[in-house]
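A, B, C, D and E are the chain letters, set down in written order, and residue numbers restart from 1 in every chain.
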């Protein structure tokens, strides 16, 4: 399939990157049912590591098997599949060339008391497993933020030098941040901006609420009359914070809600100019057929058909 | 001896590994009286380091000599022998080629107040000593968990790149975990899953009890009606948590009990699909002839003959 | 354009540097409307990282786009443009060769509770992006001062070895230092001296007040009758502290004030022998035309025409 | 001189070592008046570093000169001389080839408040100075034990790879250990075992008392009826803990006592199968002639003549 | 000029060093008015870094210029000039080959609350700047002593391997040490000994007082009747502690006092066998002509003419 003008435009913003990295970004944008549209739906499955296997997979026991997720992402026509090391090792050969993969190179778990992550895979691992990108979580606002920034800086430089793309999960938490603040408008926009400054090609943040957390920022939002009344407006503002929309931003599934609520939220993301969604539990915790149906509907939303 | 279909099947799940690592995994599965069955009994002797020499070897003073354990493992027809650096150095040449060895590359001792381990050997040491694998202990839940995860990540990557196998002892302890929680059903399953995610080829956990530790997990076990009423059911669940049974999981000897209790427990492990047992003190703290007899009986259990 | 005698004189003070580094220092001194005068006006845009995107760019939303700042610095005839990694990545190719750039290699953000900075870019990044220099912030007096000194020492050595110039932002804060002390006469002079000792080619400090902070220093200022009554006198003293004026020293914009106050301050800087100004928020937070006008006036001041 | 059967037997236990390391172990066993007997007397002079020069050398001021100790060790017919970097640098050339030397690569001093040691020399230093071995102190039980274990692990691996021998001073202290516990039977045996597990070729511990420190160990000593009533019995148990006597174990001089007490203790060490003594202050703090006489008597004890 | 017998004798004590390092030690001993005598006067100028520029240079503003110190040291006929990185960079080319320089590779400053120093230059810097030696400060007794020892160990090994000499400033402070203790007899002797053990070629300590600080040491000084009644006796004891006088020891200028007091002290140093003085503030804080006169007088003292 020939790279579309839309995708070429997006690639043109990664002007400092080598052809290897651009090819890998393109591989994700030209994959699946949204190929060529500039939109993406990504399947992330790191919940086994983060929350434990039963909490993640018992509702749909087929999902204990790493092959399940590869197949689901391929069959649903998604753009990419993201997972930790062990999970990608079990499938990388079987499904080689069938879907771009993102190696999640750091991880937390449900016993963690610090807002930190352990580095659990390397750039070399990503190369050996044939991945298109590495994925890394930063926790802006936490006591470990600087350390995490320094870790991704080194790994991103290495990844880019060998032609991989870099995806940053930017999830503010810890420090003085309130629980509501984690999804506040100003906080999400700042989170996206920090990821862009750190050199991310693709940025993952949470859908923002209308809450404003940082007093200094709140003053500016009010003084400048920034409209944050709807999800679409808020998402547009997050995109703006990501270098005036020149970086790909995808949004997580948000808090659990019914399918209608989810579709409604995704329409807001779409209308605000989001590049797409990255949806884990909502996908693999329901039976395969239901998941395929849901993903098909989400893809239709991004295509403007729903 | 030709590699059996059973072993070939197991090897096929290590799809990302190089032939060197597969050969070393195969060398353990094709060794001793259980060769070719997909089952393993491993002799681990790190108690001298962990608890001191007298507590470990005074009940059977021949065991002070490192050669004793090599011979015992060979004569009993076990699959592999695991020990720290100094202990393998004293025997590696004498018994070269007679039994696969696992170099325990980190260690604690009875004075330790932290739930941490010191790195006490390297991947290069393992190569020089002709080992088939490195062994590493992680303590999920402890304050040092992230550090231990990062250490094994680096060592595992190096080991795999030079064709060695990786065995992870996954023993949750420390942090908020209760003493009972260390062998809880949800905890053992999570421990096995974490080891799999960290890229282990062989995972060692403790036999799980029916206790459920983490409240969020407990809810799921109850809601999904996961049957954990028997050892066999619990072991099957642990195997499921290890990538749907696609990773080798062996179980430690558990708390001291009579031989009948031990055999009973091992029948439960076997019936649940465990790949085998890793038994230290129960073995070398009794006279050699008694130990050989016990190991013979355990092997018979795994063969389905007892 | 031929290098002027004034610039040659300045370059002669960097006697230990290789021709590559001298060329890069010269590239900044020979750029824009102040080319050849030994004076510089630099545009720094790291406020997005440091304070968040809305607080930085909402007053002039065009500034969300990294291209905006490149264009502004070029069109205004400035000497150089400084920014963090992501922001330079988005423009480095488009504007290659049009203006010297300074890669800000460490950064803080508005959630930081420590007086520390994270390293967020490398010397190799600077080379790949075609930069003339790296920029690094130190916080003398803070608990992290020694760590920051050691970081810039390593990066400066590496930068110089590959022909890059080194710019140090020397901002005392933290530790026992009072808020007023951060811009005290003795503190600014000491800050400039420390940067010079650390091997900086270009030093950025804040315009000093007449306050004296350190008791031991105060005694000397009084005993020796050092005249610190005017901005020009104070700036001359800072230059003196920078190896008797043999290091380039530029001054930040100072606290927000009206344009007349700003121009007045810059005349003081000029009269004291400052090498120029480095002005961020005052520039990009007003409409482009107003910013160009303001910068034109500042340049005229440094030319002695205003 | 031809290597004796006794020494060949000892060397055969270092089965994993390369010929370079074996040659260096042999060089110490085949040196001086005890050459070929499998026994050793070593002169260690690190007290200047550890306690200061006057406390160490004022009683016999000739000993301020590093040449003094080389000469003393040579003239007394000892097996080896151990000292820190600076002290070996001053003599390494003058006395090259006259006596094997052990470079003490870590050191503490009398101001230390932590139970830790600084690394003060490298394996490369040992090679350049023509040493036969490196010497390293570990403090099992201290808060720094894991760190010290990791340090010696790295240095031992490097030393062995270039054909040097490794001597570990294993001195439990700190943590929960009582003062009496530092020389307790169980503690000394454990200390020797840990050094063996860490890969030491030669182990230095203190002569054990009949005290038992660790409750869990005490139970085993009592249950198994281990005889620790005499120094000879206790030393035999320490040797047993050192891989069934297959590692060389030497004992420090113990607390200061009269010469008769010292000789008595050394007869106990000899009768228990100790490989020898390592005696510092007792040696160089008395006049040279008296020291030579004392060492001659000690050597006679190890030869069974006194 | 031919190397004198006196200097050859001194060089012979550096028996483990390569010819490159010996040449650099010789270059300092064969420089200036004391060339060939085995005596040295060194100009150290790190006070700008340590105390700030005004406190250091305002009394004699010409001294703000790094060239000033090079010229002063050359014109006064001194043996060497020591300074931090930036200060040597500004002069290294202009004065190349005119006087041996010592690059001070670690530094503290007047805001430091810890008894620690930051590494602010490298061995490679010293080579590039044509230095004869690196200079490093250790603080025995401080909480950072072990860290500082490990840092100089690494840098000294590297420096020696490329033919540079190593100068250690050994200044006990911090920990339990009293203020008087910093210049106590036992403490200065111990400080000199530690520097020698760490491999220093040249040791800088403070002139000792008759105070005895450490109780265990005090007992020995009293028991052995060590005569510490005069500066000459005390200096002789410090030299003795520096490997029986086989290491070069120079003394700092001591507390500020009149010129007569200073000359008196230096006569004491000379009579005790000191290798010389290292004098900073006393030199550059007076007008150049006065400084030259003072240095001339000091040199005459060391020549035995005053």
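As a working rule, a residue touches a chain if its C-beta (ideal position, glycine included) is under 8 Å from a C-beta of that chain, and two chains touch if they have at least 3 such contacts.
According to UniProt, the chain labels map to these proteins: A, B, C, D, E = fructose-bisphosphate aldolase.
As the structure is a prediction and not an experimental result, all values here were calculated from the model.
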| item | value |
| --- | --- |
| Intersection of contact partners for chain B and chain D | none |
| Copy-to-copy rotation for chain A and chain C - C-alpha atoms, rounded to a multiple of 5° | 70 |
| Mean-CA-position distance for chain D and chain A (Å) | 59 |
| Between chain B and chain A, distance of the C-alpha-averaged centres to the nearest whole Å | 36 |
| Multi-partner residues of chain B (at least 2 other chains) | none |
| Sequence of touching chains round the ring, chain D onward through chain E | D, E, C, A, B |
| Complex contacts: residues of chain B adjacent to chain A | 13-17, 140-141, 143, 145-147, 149-150, 153, 157, 172, 175-177, 186, 189-190, 193-194, 196-200, 214, 216-217, 220-221, 224, 226, 237, 240-241, 243-244, 246 |
| Chain A-facing residues of chain C, complex | 48-49, 51-55, 58-59, 61, 64-66, 84-94, 107, 109-114, 116-122, 124-125, 128-129 |
